[in-house]
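Several structures are given next for inspection.
Two complexes are shown next, each including chain A; its partner changes from chain B in the first to chain C in the second.
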Partner chain A sequence: MGLNVKNISYRYGKREIVNDVSFVVHEDEIITLFGPSGVGKTTILKMIVGMLTPQTGTIEFTGESTRKNTLLVFQDYLLFPHMTVAENIAFGLKMRHVARAEIDQRVQEMVAEFQLEGLEKQYPAELSGGQQQRVALARAIILRPKLLLLDEPFSSLDSNLRQQMYEYLQRLQAHYHFGVIMVSHDQEEAFLLSTRVVVLANQRVQQVASPQELYAHPANRTVADFLGCFNYLTGEVNGQTFAVAGSQLSVNNPGRLQGTATLLVPFVTQVGLTTQGGLSATVQQVHWQPAGPTVIFDVAGQQLKLQQTNFSRPLKVGEQVRLTLPAGGQLLPCQ
Partner chain B sequence: MKKRHLLLILPFVGLNSVVIIAALFKSLAVSLGYYPIIGLNEVTLSYYREVLHDHYFVQSLLYSLYLGLLATVGALVLGLLMALILERVAGRHRFLARLFAVPITIPHIIVALMIMQLLSQSGLISRLAIHLHLITSIDDFPLLVNDRWGIAIIVVFLYKEIPYVAVTMLAILRQLRGSYTTAARNLGASRWQAFWHVTLPLIQPTLCTLFIILFCFTFANFEVPYILGNPSNETIALTIYNQFLQPDLQSRPAAFALNTILSLFCLAVTLLALLLSRLLPGGKDRYVK
Partner chain C sequence: MKKRVLILWLACILVLVPILMIGLWAVAVKWTYPALLPTRYGWMYFHRAYADPNFWPSIWNSTLIAMVATFLTLAIAMPTCRFLTLQNFLPGRLIEFVIYLPMILPAIAIVTSTETEFLQWQISGTYFGVVILHVFFMVPYAMQILLESYRKLGTNYQLLAHNLGANSWQAFWHVTVPLLRPGLIAAASLSYIISYSQYLPTFFVGDSNIITLPLLLIPFANNGRFGVGSVYSLIFIATSLVGVGIITMIIGGRHGIKRQKY
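Entry: the complex of A and B
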């Protein structure tokens, strides 16, 4: 079961909403469509469920997945305001003319699963945001979808509730076995939940990769900028060697760049101190943080910010140090 | 409530007290036989009894009810149907929705005159039919104006009220289309199921409000039945008007009694419609935050 999205595009009038987007969803995966607002993430979900028709390209459901068992949970839940919690959950089964007794039994299962006991006769307006979220999920999951589409499902919840809902989603997915395509612009959420992330920018797919891969090797400057967690050090590259501030660093250069290039150094990376070799830097600022100090260095006029550092000794502002960066850093063409 | 708030609502209260409550009080007093100007000082229900036992008055009441209900229900059903059609096509043809709103701006009296020119036996359609040899004389053309069934009156009301209902409902349907209707369709509802289980309950309070506005208007309308009605089939508004035109002031209490009955009838229909709306799915206040 899964989904194969091939080269889909959508325009509204003269405005390009989605351009040549392709990605694949495999069985039991959680895929996040990740990108800034207005990049066409929700439009992609609407095309997948058939609310919009792509002007070019195709959407193929594979295995047990079909459009009928693909359900969308909307960003603002869209619980029917004139129906109780139980009626909302039962809605899809009722529309499928399932027997009353079976509907009642399955609604009770969902009520127990989503911890909605006692709220069955309440109306959506009488529920908290978290409860509404759970009803919206229950209303979809009672129909046993093979593919669940979630449009920024946790954006209106506070951080505590979000954590609970993340666990909920993972538990539900393991129990009911469905693929998930989720829209998010929250990096932490995307990294925490996703099997793979589809990074969208400028109406196009920029990269499809696992969170680890994305963090370690962003495909281009647009992805790196959007992730917003990298230092950019400009230097000269020659083969697998990158020269900056008089230091020679070993880098990953699959694009065989030559001359001036940019080295990506994640804010959170394993950096140590050394007395010989390494990258020469001056400590500019030190800020205490619970997970380890954030230190800002000056590297030959370029800023290098490192978070959650774990140096062998405390650093002082103005101090000259030599840093050991992990080998195989990602290089990008200089902008 | 603060004094400042009381001051702010004073113009509204003042206007209603003077114009509506005072007029109603006067109407009620005269209908109960208290009309000192012609020497009637005793309070009595005899004018109400007289009016309610008079076959002619009851007939005009029933005729008004027939016109009001037929025009209102017709306008609501056809207006909603138009709104549903416009909602589907007006995304591509926005001018259609604007064009459809034009009749709202034309006064009822003008529409009544237009319909008379169009539908009467000597009207445009009749003459066109003769010209096309469909009929041989204007007498062959069916009586649609000043007829006993009030066809022309109903046509005027429908012409005016269908766009009013359609334009009002269109805005709500557009909102629902982008939200709840779409959610229902995504959960497997057919187009009809989504309409019946989701759209209709959510729009029924608005339909109820429109029913009240349109029914009270058409039930008590004066100028349209005056121009296009049948003299032997008067509406209650015309009956009251004729009573007021009587030079004999003794007929005033009965006219005021009819006036009060008309107002109470509208009030009763309003309360009944609100109660019905509340009992139907989508009518409870609980679901509104």
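Entry: the complex of A and C
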């Protein structure tokens, strides 16, 4: 059961919305389309469910997945305002001429599953944001989709409710066994929920990878910039050695870069202090955080920001230190 | 607050006083200068109106023509407005100009030239001919209201309905029509009243075969016979309101759209 999106493009007038996008969704995966606003994420979802026709490329459903059992939950839920909660949930079954008794039974199951007891006769305008979202999800899941498309499903919820809904979705997916394609521009959400992430920028796919792979090895500067959690240190690379601020660091160089290059150092890299060797740096700022201080260093005129630090002793502003970075950092060509 | 109350009272007076005057004229058997109010009251003018052989036929014709013309107007306006909302190659201003065109052109010119055509097609003097011409004048108003309703509705609800398994008819009947209901009621009510109050089109194309309430009412009003004219005016107001009520009930009223609590 899955989906194969191959080289799809969409243009609105002269404006290119999506260009040459390809990715595959396997059974029981949660895929997040991740990118800034306006990059075409919602357009891709609409093309998958058939609301828009791609101008090039193909969308193939494999195994048990078909367009008919692929359902989209809109960002603003779009509950039918003239129908009650129960009527909204039952809508799809009613349109498919399912027997009344079965509709009633399945609606009751969904009401219990999504904790909507007592709200069956309420109208959408009388519900809170979280309740509306559960109704929208119930309305889709009652139809037992093989693939569920969610357009920024949690964007309008507060952080506590959002955490609850993350767990909810994972539980539902495990119980009902459907694949999920989710649209998000929230990095934490994408990393927390996804099996794999499709990073979109400039209307194109930049990288498709697991969150761990994405974080450890962003494919290019665009992905790294968009993830927004990296320092960039410019220096000279020779083989597996990177020279910066008079120090030599051991790096991965699969692209066999030579000369000037950029070393990616994630903000949450675990760095230690040493008295010999290491990277020479000056402490510029120290900010206390619950998970560990954020420290900003000056490394030969370049900024190095480290979060959730766990140094063996407190650092003072202006102090000269030597840092030990983990070996095998990733290099990118200089821009 | 006082200013607002004053304005509300003024509005009420402007609406209610003319109706009050009509009511007084309808029962004023004797009302001459310099009396401020009628000097003798009675039901004489009601009896005269009722005794007219065209009394019930005129009410029946007005109601029938307005009902048929209203639903025909909606049948034309709805798909047209849907198309105009979805298309993006015609500029908005051009669409509005075309919609307003029947209202800009002189009605007497349209009516007389239509009568000439209808005579050749042998539909002059028929209900069909009268309904067609009424619809011509009603469509711009219905479209103006429905165009805005369709724009506000957008396409997402219908697309969602399709995604949940509804076919085109199901999506239209279960989703589009209920959500358009307020706009449909407004368009239908206005169209009904416009048809109900048409005089020139019915006079020319009806060919004296088809008598409606305005055809009875207006000669009395023009000749200064306020008594019977007022009676017909009151009947006109009452029966047109009943007609609008029936139309509203047929389309479905306002059930199902709850106001937002918070």
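Definition applied: the second predicted complex is superposed on the first by the 335 of 335 C-alpha atoms of A that agree within 3 Å, B and C clash if a C-alpha of one lies under 4 Å from a C-alpha of the other, contacts with A are read in each partner's own complex, and residues count from 1 in each chain.
The working rule: contacts are C-beta pairs under 8 Å (C-beta built on N, C-alpha and C of every residue); 3 or more make two chains touch, one makes a residue touch a chain.
Owing to the predicted nature of the structure, the values given are computational and were not obtained by experimental measurement.
On the superposed chain A, the two partners chain B and chain C do not both fit; they clash. In the superposed model, A:Phe80 lies in contact with both chain B and chain C.
Using the contact criterion defined above for the overlaid structures, shared-chain residue A:Phe91 touches chain B and also reaches chain C.
Of the two partner chains placed by superposition, chain B and chain C are both touched by A:Met51. With the contact threshold set out at the top, residues 49, 51, 68, 71-72, 74, 78, 80-82, 91-92, 95-96, 123, 125-126, 139-140, 143 of chain A are in contact with chain B in one structure and with chain C in the other. The touching residues of chain A, counted against chain C in their complex, run 46, 49-51, 68, 71-72, 74, 78, 80-83, 91-92, 95-96, 123, 125-126, 139-140, 143. Against chain A, in their complex, chain C makes its touches with residues 156-157, 159-167, 170, 174-175, 178-179, 181, 256-261.
Chain contact summary for the complex, chain A toward chain B: residues 49, 51, 68, 71-72, 74, 76, 78, 80-82, 91-92, 94-96, 123-126, 139-140, 143.
By the touch criterion given at the top, residues 179-180, 182-190, 193, 197-198, 201-202, 281-282, 284, 286-289 of chain B touch chain A in their complex.
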